[in-house]
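Next come two complexes, and both contain chain A; in the first it sits with chain B, in the second with chain C.
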Partner chain A sequence: MAFLARALRQSNSRLSSRCPAVAASCRWISPTAAAGSPEAGAAVAPADPEMPPPREPVGGARVELPPNPEDALEVFVDGHTVRIPKGFTVLQACEVAGVDIPRFCYHSRLSIAGNCRMCLVEVEKSPKPVASCAMPALPGMKIKTNTPVAKKAREGVMEFLLMNHPLDCPICDQGGECDLQDQSMAFGADRGRFTEMKRSVVDKNLGPLVKTVMTRCIQCTRCVRFATEVAGVQDLGMLGRGSGEEIGTYVEKLMTSELSGNVIDICPVGALTSKPFAFKARNWELKGTETIDVTDAVGSNIRVDSRGPEVMRIVPRINEDINEEWISDKTRFCYDGLKRQRLNDPMIRGPDGRFKAVTWRDALTVVAEVLHQVKPEEITGVAGKLSDAESMMALKDFVNRMGSDKVLCEGNGPNPPADLRSNYLMNTGIAGLEKADVFLLVGTQPRVEAAMVNARIQKTVRATQAKVGYIGPPADFNYDHEHLGTGPQTLVEIAEGQHPFCSALQSAKNPVIIAGAGLFEREDQDALFSRIETIAKKFNVTRPDWNGLNVLLLHAAQAAALDLGLVANPAESIKSAKFLYLMGADDISLDKLPEDAFVVYQGHHGDKAVYRANVILPSSAFSEKEGTYENTEGCTQWTIPAVPTVGDARDDWKIIRALSEVAGAQLPYNSLSAVRDRISTVAPNLLHVDERELPTISSEVKPPAKQQMSSAPFKTVVENFYMTDAITRASKIMAQCSATLLKK
Partner chain B sequence: MAAVVRGVLRGIKEKGLANFLREARDEGYLNCLLDGNLLQTKIHNIGATLVGVDKFGNKYYEKLHDTQYGRHRWVEYAEKGRYNASQVPPEWHGWLHHITDNTGDQLLAQKTARYLVEHKQNYSGEGEELIYHSKGHALNPGQRDWTRYQPWEPKKEQA
Partner chain C sequence: MLPPAARLAARRLLGICSSSASEAAVSRLAPFPIAAASARGPVSSARPFSTALNYHIDSPENKPDMKWEFSEANMKKVKDILSHYPSNYKQSGIIPLLDLAQQQHGGWVPVAAMDAIAKIVEVAPIRVYEVATFYTMFNRTKVGKYHLLVCGTTPCMIRGSREIEDTLLEHLGVKRNEVTSDGLFSVGEMECMGCCVNAPMIAVADYSKGSEGYTYNYYEDLTPKRVIEIVEMLRRGETPPRGTQHPERKNSGPAGGNTTLHGEPKPPPCRDLDAC
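Here is the complex of A and B:
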């Protein structure tokens, strides 16, 4: 019940925050949409009994008309008047009128190709049916979508499309979610007249992620447009003419984009399908769970499709402010890592150095005994990069109760800027990057650190020719950029106004500076950030109406950890630790750890750190628990459990709560809501799901840094995009990707 | 009766007493004394044609004259103690039940048997381990593994 209530609260907050109008008029599934809501039917009495009543816009969308009435125009769709902004196409006008036009090549986020001809409609006084996706709506246009002409046109187009389409729906992975299948049922003829041989096309090898069956391709060119416009790689193209036309890479070449998995979603037929998912399941067998991704700090919205206890695939969910409708390949294909190398039993390392599976009671007793033997200041807790806020809160409370303040989150460096929230968040917001006209990337390579942020920058650069300056080690970008330098020296030059890039910053209206979280790991990060703030001040990057000073975080746990105050110095804490509690922390350096230190590893994968552990406590992965994560722009989101936990594993915060009881320092919460109540006293923003809280204090209150800046160049932060955490390192698909797709 | 005694005496003379007794036991003559069905079968066998013997050793008899029609084919089970009808393999079943006139040997010669499962008698009541269990059955020794994840093995690649 509590879960239901929470889900309701969450959906309420989401609805009320984004689209209050939609929440009020819920869209009903019925042949005539207005029939579902009685008041709508009562208000609009159809004048003509023959004519169906007007409908709601497709998908419950809202249309914002421009304030100036001259910028809006009026068209007639199936006899109903529709007011639309200028520049809308006929297809968009029909959507506003609630008529869903069939289409294959048209995609709202890609450029218009107009080559599938499925969206033909009749327009009065036009000699032929028009392709509605490519035709701009003109004032007074009379559009007819269900006349015999339009129906016959669709039927004819469908017959041509099916002519060369193989009849292999029973063995096609797209079966059940195929646009061609659905639309041929709705708009196609009941028989075909084609008796000749069907054309066949050689399959292309696009790498380990995308499976191609090119004979099924209907040449909509969505994938080609996606690759060039969104992914920013010119890998795909169209070859040949007429019946010899085919999509390909021209020369045999793998698709090396980090967004390549999205072509699987946008392909309307089964020509491009997921290779790891091939022949694994049908879409109607799957249970979808709407959750978020934790493999990077973006927090992409995803749907985890599961069958029984198994995650079968991950697909994106639309969130205009974060990931639009794309996700990175790491997000999409890391799921097989959730099934490998899992820790499923509590284990204790015996005197012979071998692990033995034990019961929870025994494991917790052993840990509690050791805990009482060490001095309080020798206790250290480290949260991993995938930890949720609840478990980090529990870990911090527990370590504090044991008398130590050494609790930290990996990746946050020796002295994280946790005092002011705006100092470690992406203040512009991911969607806000689209307004920027000059980017300065400092020590960050967003393409591998946060692929969705990179997609936004790419989109902006493509749309407005925004300039991008980059300071850091040589890197591979998928948009035009200027490599300004490799180290702090360049920052000094820009701050002093001697660098040629200064003129671009000077003339920019909305400049954006993005500093990478990799800088946190440097000893001189205070000096670096104060220098970056100098630049921001000099070029008017932070104004009351525009905050362009950003930090791009690397890990899902980072923002919440800084909010909750897990800020101890890792090097010192580890050097002095006799009792080290690793909560999924695999990437922290344990070289300095004393030999006789007792290490507890609590996590879901047997990755790097388990080999040093004395006790292993199995916990649940992000697909199995309810947890709060804060993304790099400070937006709080929840994961929802999609599959049950494996073996004897438990939720992270529950393990710590149980351990605290065994150790005699019981934490005062027994339920998730109680943990969240505790969080609300520390960082209330972590309870405001799907909201971004604007920074209230400006960074000017920060004391000036006394550190000296070192001249060491910035280092590459993410060496391997495909393997960054315990889940992706356990994944076979990710291993394949890093073997074949990474540029050596 | 005299013929039977004479036959027994001749047998003892030819094979010796020990051999004769062993053979009599193997052939089920000792069981006959307590088992009327078997005794009747043995008596029935006198003067009948032995049509064939299957791979389990069951003997199939036929007697076309001097028997009631419909009772002219029968089997003498190889198993003299706990015999039952499921010991008849499928190829002989048809012949025995007058479904076909082809004997089991003829049917075997016709049919390719490469995908057939070896005939097994019904072991109900003979012990759980002998009984057939479907693949999802709790008592099936070769049960399917429904674990959908691969656990971390501490022994592997441990330093």
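Here is the complex of A and C:
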């Protein structure tokens, strides 16, 4: 009996110890039991302890639901309700729900391939896991992303991907920013089951910018799609089949796109990496500085990655209105020019013709002395193409205080249309070009002048079959275009309605005319622009709701210079100059400069103009200073210093401020904010950072031009895409590119 | 080379045949001597498919800057092929055009031909290269006038296709995918061509008469002896009878005539629906 009693007691205690747990687990697992009671309304479900709280969308993305509620649908991601617009994929729905789906081949800006299978998720009532990137979300779909089925599917895919992927992460440049590395931490097995030989693939030569290690390739085809869809250069393809499949060009060929560097960013593994950056640094050693690019007038948003005092690389930042997430090769690879040919000490040319390093005090004293010996009207100031608005403001104020009004910015031509902002800006906006259906390019080759603008035009042409007409010298285009003519004669024909292209313009809903800033250099530019305006009026290019009349500027400084009024005639100013102050201006013609003129060169690179300079004042480059730049669409942006400046160089505006004090005409500002206060009285739009100030007055108030139009054909403005300014001319990588990639 | 599992399977099957089945059954199953799969020596390092490499290497007869165009007669065929597709989907014609170009160019497509096709169908050349490298029946390096393709899939392999291939290679004195010095023959491997009932088999692509006289014939039920005879007949310019080479078989029927299905086959029994 005692035995029985003991056994009963034991079982009892076991029972009693188990029962609460069972009850608790019941409460945990099935909350519906509690919800079943009449008091518990709909409010019970969100307070459910099992369900994690809803998450924020991935990357803080905002989803704009269409105004019509019928165009939106509701899906359930891991039990949470998400409202998304129609046409979203399952993967996008998950992103809205805050669930990051692993992926390799999917890229939001490229077409969907669906071949990596990494984004598999479980969908209720679907017999198999679903590739979420290619599956459109359907109303009421119940998507599960963290179930054992989904996890196992991803683990399986990962094992297959790692099967042929070399284990060379320690010597791979992608290490630390590799999608495969990151995702194998989440889904990779701790050991491999693969005992055969790994496959190996011959490396391809894609030119001086992109390094290939094709054995690492996982065949996501992002680069193939990028080359075809964004760069518009169909060089890359997927060759072979099965385990012999590889990315290549078949016939050996360099990648000749001006956007080729972007394949480095989109490659999820280390198959395509940066050749100049190879084995230079690891990404976790680098300090990122979010700044903008100044090598063209687009002002692409970039991140300058630096280690200590050295710029190691440049990568793009996302800005939907300007560069999306691409940058041109010139922007990406010009950085080694920042380390070469730099001016680091003030220097004076001695009687023997050699430069001698001196102190700032001596240099400024010499300049001030010479400045007082010349007549005020013989003083000329020239701002270079990389100048920021602050230094141009200081230069203008200084030269004006010395009694001269001859201040100009290179590239603006003899008589720039500076009176109305709409006459020198891209009024449609870079992103606005996507709405256009007919383009008329006058004297501009956007592919070399502003690669990112060209990428937008290419995107539009590809998406909507927009027509492109081009007037200018024969040029390379990466989209379908009609070459209408080479000179102003064609403009006349279009203005008079005799040209066959007129019918395209006539039927266009949103026509766009883009005139190149190269036309500013022509003597007859007033007549040309009035003819372009005639065309604009005739074909309804400028309407209250659409301004399609654009000017595509060439240089980063140009828009701000025109805003600030640096508009003197270069030929006359140079001819009469006895004291020439070049602020980074290297491309202005000094042929007409009098022999006895005194030239001060203030800049960061020993480039063309240094040969003529008497005094050199070293200044800092765009990566080393804070400056305001206005891009071709009128968007004001700041550069942020990423690295310390070299040697004894100073910011441009500070040098001029110091010189003004030595010369006895002190400028009334001592800080950057004070300079900006001064700018606000001249061009307040330059203070509205990251905003596009639209021109308010239309071009109709312009007086009619009385000039005669010459019949000289338009000229090519940018001969070498890779070398356009002092920084890129000093760059070794850009020199290699010009040698290998430019067509002879 | 084929996966080791297949070879293992072949060996197993052989073992089963020799040990358990009666002599008569074996002789019916295998009328010809079967070479032991394991007897085969190390496989040549050449790629098993007709594709040599997935990239182009310049050679005197294959350069991108050479001129290549369809002949006058074939240009008519090109127009006919393209007429099958909508004018905005000309690229659908890439495969038939590559085939035509291969027939015209003696069994292989040079890069120049692919470029010419790209121009005709208005796509970038790389899109044609992608197709040509994907399909193993497009030869991108030179082949012989008679391109002999040995089936290497499991049924043929079990029935001795390895030996057939070895015999061919030895008789012609070439390696796989290599052309004989007289330019007449080359030997390649193919995957299943659907003749398993008459295994082993080879397919002979005859490019000796251009795209007009182009033939693509199967020679089935081969023995090493017979395959040499076929090669010699081809060398003499004769046309060996295509199909099964077994003296007693007709098409894919059993040796010595039908053993079953002598009369009209009975129709299948049907349920009397009214009775239900």
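Keep this in mind: the second predicted complex is superposed on the first by the 697 of 744 C-alpha atoms of A that agree within 3 Å, B and C clash if a C-alpha of one lies under 4 Å from a C-alpha of the other, contacts with A are read in each partner's own complex, and residues count from 1 in each chain.
To be clear about the criterion, a contact is a pair of C-beta atoms (placed from the backbone, for glycine too) under 8 Å apart; a residue touches a chain by one contact, two chains touch by 3 or more.
Just so we're clear, the structure is a prediction, and the values are computed from it rather than from any experiment.
Superposition of the two structures on chain A shows chain C fitting alongside chain B with no clash. After overlaying the two complexes on the shared chain, residue contacts for A:240 are found with chain C alone; chain B is out of touch. By the touch criterion defined above, A:250 lies against chain C but remains apart from chain B after alignment on the C-alpha atoms of chain A. By the touch criterion defined above, A:611 lies against chain B but remains apart from chain C after alignment on the C-alpha atoms of chain A. When both complexes are overlaid on chain A, the residue A:355 reaches chain B alone and has no touch with chain C. Of the two partner chains placed around the shared chain by superposition, chain C is the only one that A:202 touches, whereas chain B remains out of contact. Within the superposed three-chain model, A:342 lies in touch with chain B and out of touch with chain C [touch as defined at top]. Of the two partner chains, neither chain B nor chain C is touched by A:99. Closest contact between chain B and chain C, by C-alpha atoms in the overlaid model: 41 Å.
Across the interface of their complex, chain A is touched by residues 47, 49, 51, 54-56, 64, 111, 123-127, 129-130, 133-136 of chain C.
Those residues of chain B lying in contact with chain A across their complex are 148-155, 158-159. Of all residues in chain A, those touching chain C in their complex are 202, 204, 228, 234-241, 244-246, 248-252.
On chain A, the positions that touch chain B within their shared complex are 308-310, 338-345, 347, 353-355, 605-606, 610-611, 646-647.
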